[in-house]
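Two complexes come next, and they have one chain in common, chain A, joined by chain B in the first and chain C in the second.
What follows is the complex of A and B.
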């Protein structure tokens, strides 16, 4: 039986606590009385996963068993979540590979010849052949790539189909092959409560024309939080679109959830609570930190990005997207949710080396912002862990570095747009269309491995709710110029940061520290 | 006697300076190198003789230090020019001064600025094709006639130059300065005339997008001239230093860029694709309609890389850097040179000098005796927040 989530109140016996800071980490002594929010202990993974998958496909929720939906002559499209999930990438074989292989076996057994596999990458960068192979496995890759295994192209106008318009005027436009299929099988990995369900097809296979209805400042400011779907305007929009898709398409959803085994054994201490570190963990910490700090930056990044998580799969559920997602969400929350008694004046977050958009890439300053003020800030239900007007303190070096192939429009966004304004509404009004329709960005998105031109703006919107809520944002160890460009401040130490925060929250602020990763979602009462 | 800074023949000093400033470390110390190693010396010479009746002696009030002068002192100027000068000579071709002799229509004591080109008229020759077309900057006879070889005053042994207490000039080279133009503005008329000439070298369609590479004196004046004499659309200026960025905006730049951001920013502004070669700088497939290199060649590479196919690149200022000409070929660009001034450029420059926001452009004035300090200051003018450094020979006792 795994232990539930836990809030530790720091006292004089509390050891220094682990704090992620990009491609590194440190132990930090927090002020007495600070509350530390730990996730529930990692849940046990399912045994005999292949049998569980087989069972889920044969006993779906609200649908006929998958084999009964498959027939000769039909068009089958298998869509799967792209490389942005899970984080870090999981050890092979990836759960998507296991599921896809079984779906393909069933399709072959039932005489289905017309099968295509599509990565639901929306406006994310295309996955490379190696990344596709890692996700779907050697056998599937060899059989289907490149003609029947490909990335979704949100700018291939000829291969997009408009499904209709919701009652709120939201145009639903998705991949034409999927839209014209007799059956869409969506293979999902849910790492957070925001993923999966109505988001899968409506976002993963959508075009900019469709995505802009929910990826905007207004929606994100009214998503409190976007990890709490009932209170997320973004999810309300997804739901409307998914309803339209459900009325017009035949979707068989397969969702999975993972436990909190985020880091491999050699850095197993990162998965543990600090006071439970044994001698081996302490030695591993010292050795790994020393080696990590001494490693050249390029080498250090390679090491981190080669880290594969030994996740256990905690659920596999198949069938009707709505019914499946209810089960999935329960599993996610069971693994991540921790009750917290009210927000604090100051919220502390240690930001790790990876976010959904820098897998095998560089965490540029915009992505740091979206990870900190977007993803981590929104890991709450009820209310944020910081009170309105409070201060968020993040740990990250926020280096001014960008991946020129993956993030070309990010470079221009940082240099040009943020030099002019950091206001999300002003940015949306003046720059969104420019970035979304820029022919060069579109060319790179389609033919290179670049995120779509509008993506950095979406990342900025991702933090719009936090920017409106917080009184100040301080990065401990952050590059001064880079943080300043984004409208934030930097401090050398936590003490300095708290001193800087003093004008907002006084000299003895209450503090909540969201101890993640592994992912923790605060249920703030 | 005439106190003068004289550039003399010294192959050892020339090669030492050229070699030293060619290295990355030496390049950063080029001001010190130019001031201490170049074949320049301060000495007293007999007063220059008048070559003919149409000439007058001129006593400089201010004499500017130009980028081409610094290129000369650092040995970076092209050896191509060595056939067009006569040694020893006194540099200085941006001059405001007083005439010391009576000339028809120009009485002694007139305050004048110098158009330094030594074409057929001052040389007492029948006009060549260029001079006949009122384009003396294209004169073919600059090595002939009654004064020794020298493409302009400041490179000619017989005329002397502005970096002295006295030099000689032909009546055709002199333009009387209105009382409304003070000396600090007047000394800028020659570079201003060059800038006007530069923008007149090519047709500039209304609304054309223009890039000016460099925001020293030449770049700022070119931007000024573009706004004054053309209907160019957006003008983008690449500037290195903060004060240059401010001045560029003041004289009409639409947007001021840094060189490392130029290609990306221009792509955003003008459209097109950005290409990244395996080696060398990024370039645009697309870009501005016209580019003006105002950096003595170091920015020409940038200009060629960000100008659209079929566009035009104008070189202003004496070039002293090599460049990869592949974009010129591949993008079918027009490369145009612009040297000195001709026609109405000088009178127009005098008029513009009265109204243009030139206050503070000449902010460092040195006597000839402090020539090493002056050369060092001029070499680091951008970094030190200056635009134009000048000599005031009247300060030397």
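What follows is the complex of A and C.
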């Protein structure tokens, strides 16, 4: 049986603890009395996954079985989550492939000819053919690519349809093909409590016109946290939009959850608690760390990005989006939630090499910020693990490097906007329109593999709540110039960082360390 | 250099086999191990009985009699009694058990087991072994902190008489505490008579905290009472009250004489000697209970 998550209190027996820092990791000795938040151990995955999928499709929640919804002559659109989840990408066959194949089997058996598959990538970069093939599998790819298996294009005005406006004046505009379909089957992977449910169609297939209603500073500052939907203004907006979509569209949602098997066996020590490392784990740590530290940066990145997680699937649920999502959220929290007794003066986070927006790419400084102050800071329920005015210490080299194809607007944002201001509200007011409508960025988004022009700004908003909450942000091992550009500070060691934090939190602060990955969500009481 | 540093950080706090101690907050909760009952069956074998007779008659009793001046009364009341019985006495000194074991009539004394506090005499194996061998002791659960199954009914059924101290512990100040119900309950359920015993002067001779009797051969009195049989339908509480009255009367016999104590009891003037005439925590409680027993003057070996 998997052991539950728990909070370790560092004592003299505690060995040095693992800390991710970009494309690397280290062991760090934390001050005595620090609290370390560990996730529950990985839950067992479902045994006969194909049978479970078949069962879910035949016994959906709040809907007729899928095969009863399929009929000849109908327009069927299958939408699936893009490559931003899961992280790291899972070993093939991807769970989306296994589900889509079964949905297509049913569609074929029921004589459905008009089938389209769309990646719900919103303003993310398009998935390359290789990435699409990896996600949906060879057979699906060969049957549908390129004309009927494609990425959603949020800037293709001719192929967007306005569904309506919510009572809060939020325009709901989504992919036209999906909007005009008789049935939308959404295939989801829920890695965190924020994804899935009302977010799927309303965000994945939306346009900038629609996304700006929830991807803004005000909403994100009132999402405490965005991983806790009942207390997330962003999710309230999703819910309003999803309600409208539910009234107008026929959506059959299929959601899945994964366990915490984040790293493959040869780096199994990354999944284990440090005092339980055996000699093999320690040898693997030393060998992998040395090889990693000595490898040229390019190869190091390739190695990390080639890592596929041997995730187990813990649930497959199908049916009405609202009912399905309730079950899914329960499964996510069962795997990730750990109860913590109150926030601390200092929060420590080791940031890994990957975030949703640098799969097969480079984690640029803006993405480091969004991963640290956005995703990791918001892995809480109740209250953050750092008290208001406290200090967050992140481990990451924050190198000044960008992927010129994937993140062109990020470069301009970093060089031009952040040089002027780091205030999210000022950035939103002054620069959002410009970045969102820049024809060159739109061209690159539509025809190359670039993130949308407005995406770096969204990343900046993602950290707006943390920036408002925290007194100081320090990056251990961070490039001084890059961190400074973003309004943060860098330190070479943890001791230095704590020394720098002293002016805010005193000389013996309480410390919470979120031991992730594997993903841990703190339920702070 | 990097490798050496990595190795140092990795091996810090680990032993030579690379094992780390589990941090306290990560250690799994382990329920305390249920207490293991010390086996005492071996102390009732023929060999152990023979050894015990040698130890008691050769060492324990002569030593006790050499260090104190015991006076045994009422032993004739047990002449017609057949075992098993339960001897019940007040308890204020480690001298109590040797005095009783050394003075019990032989026809009953051959097969006596002594109830000893499980948490005191049976907490260390060596002490448990010595106690079991010398006194034929068996563990008695007195605080109900551990769930030991009592051996007493089994021993009675096997024909062993028991010596129990129903106050549960030695007196703090020489005065008695209320008698617990265990012994009376045992006798009522098993249909076994109780022999009440009053010990006087043992506190003065060797109070709590001393491991050897006071010098000067203090006079101590072991007074056996008439055996009490539980009446038909009598409850443990009522029987226990009778035992208490009997011990009270035996205690008072020292001061009032046999007939005087009977008269006083008939008048309702006697109560369990708990030192109630002295305020709690008064120095006079201890002062009175350590007063040497007055009695017959020691017999002089040589008459002038």
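We take it that the second predicted complex is superposed on the first by the 525 of 525 C-alpha atoms of A that agree within 3 Å, B and C clash if a C-alpha of one lies under 4 Å from a C-alpha of the other, contacts with A are read in each partner's own complex, and residues count from 1 in each chain.
Keep this in mind: a contact is a pair of C-beta atoms (placed from the backbone, for glycine too) under 8 Å apart; a residue touches a chain by one contact, two chains touch by 3 or more.
Keep in mind it's a predicted model, so treat the numbers as computed, not measured.
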Task = Could you tell me whether chain B and chain C fit or clash when both sit on chain A in the superposition?
result = fit
Request  = With the two complexes superposed on chain A, say which partner A:440 touches: chain B (first), chain C (second), both, or neither.
outcome  = first
Query = Taking the superposition as given, does A:404 touch the first partner, chain B, the second, chain C, both, or neither?
reply = first
Inquiry  = Which partner chains sit in contact with A:412 here, chain B, chain C, both or neither? Use first/second/both/neither.
reply    = first
Ask   = Comparing chain C with chain B, which touches more residues belonging to chain A?
value = C
Inquiry  = Quick check for you: in the superposed arrangement, does A:145 touch first (chain B), second (chain C), both or neither?
reply    = neither
Task = Examine A:288 and indicate which partner it touches, taking first as chain B and second as chain C; both and neither are also allowed.
result = neither
Remark   = Quick note, chain A centre (C-alpha) to chain B and to chain C: the enclosed angle in degrees to the nearest 10 is 130
Inquiry  = On the combined arrangement from the superposition, state the nearest Cα-Cα distance between chain B and chain C in Å.
reply    = 34
Message = Using the touch definition from the top, list the residues of chain A that touch chain B in their complex.
response = 404, 408, 411-412, 415-416, 434, 438-440, 443
Ask   = Tell me, which parts of chain C touch chain A in their complex?
value = 2-3, 6-7, 9-10, 12-14, 17-18, 20-26
Inquiry  = Residue numbers of chain B touching chain A in their complex, please.
reply    = 261, 264-265, 267-268, 271-274, 276
Residue ranges of chain A in contact with chain C within the complex = 6-16, 26-27, 29, 273-279, 282, 285-286, 289-290, 293
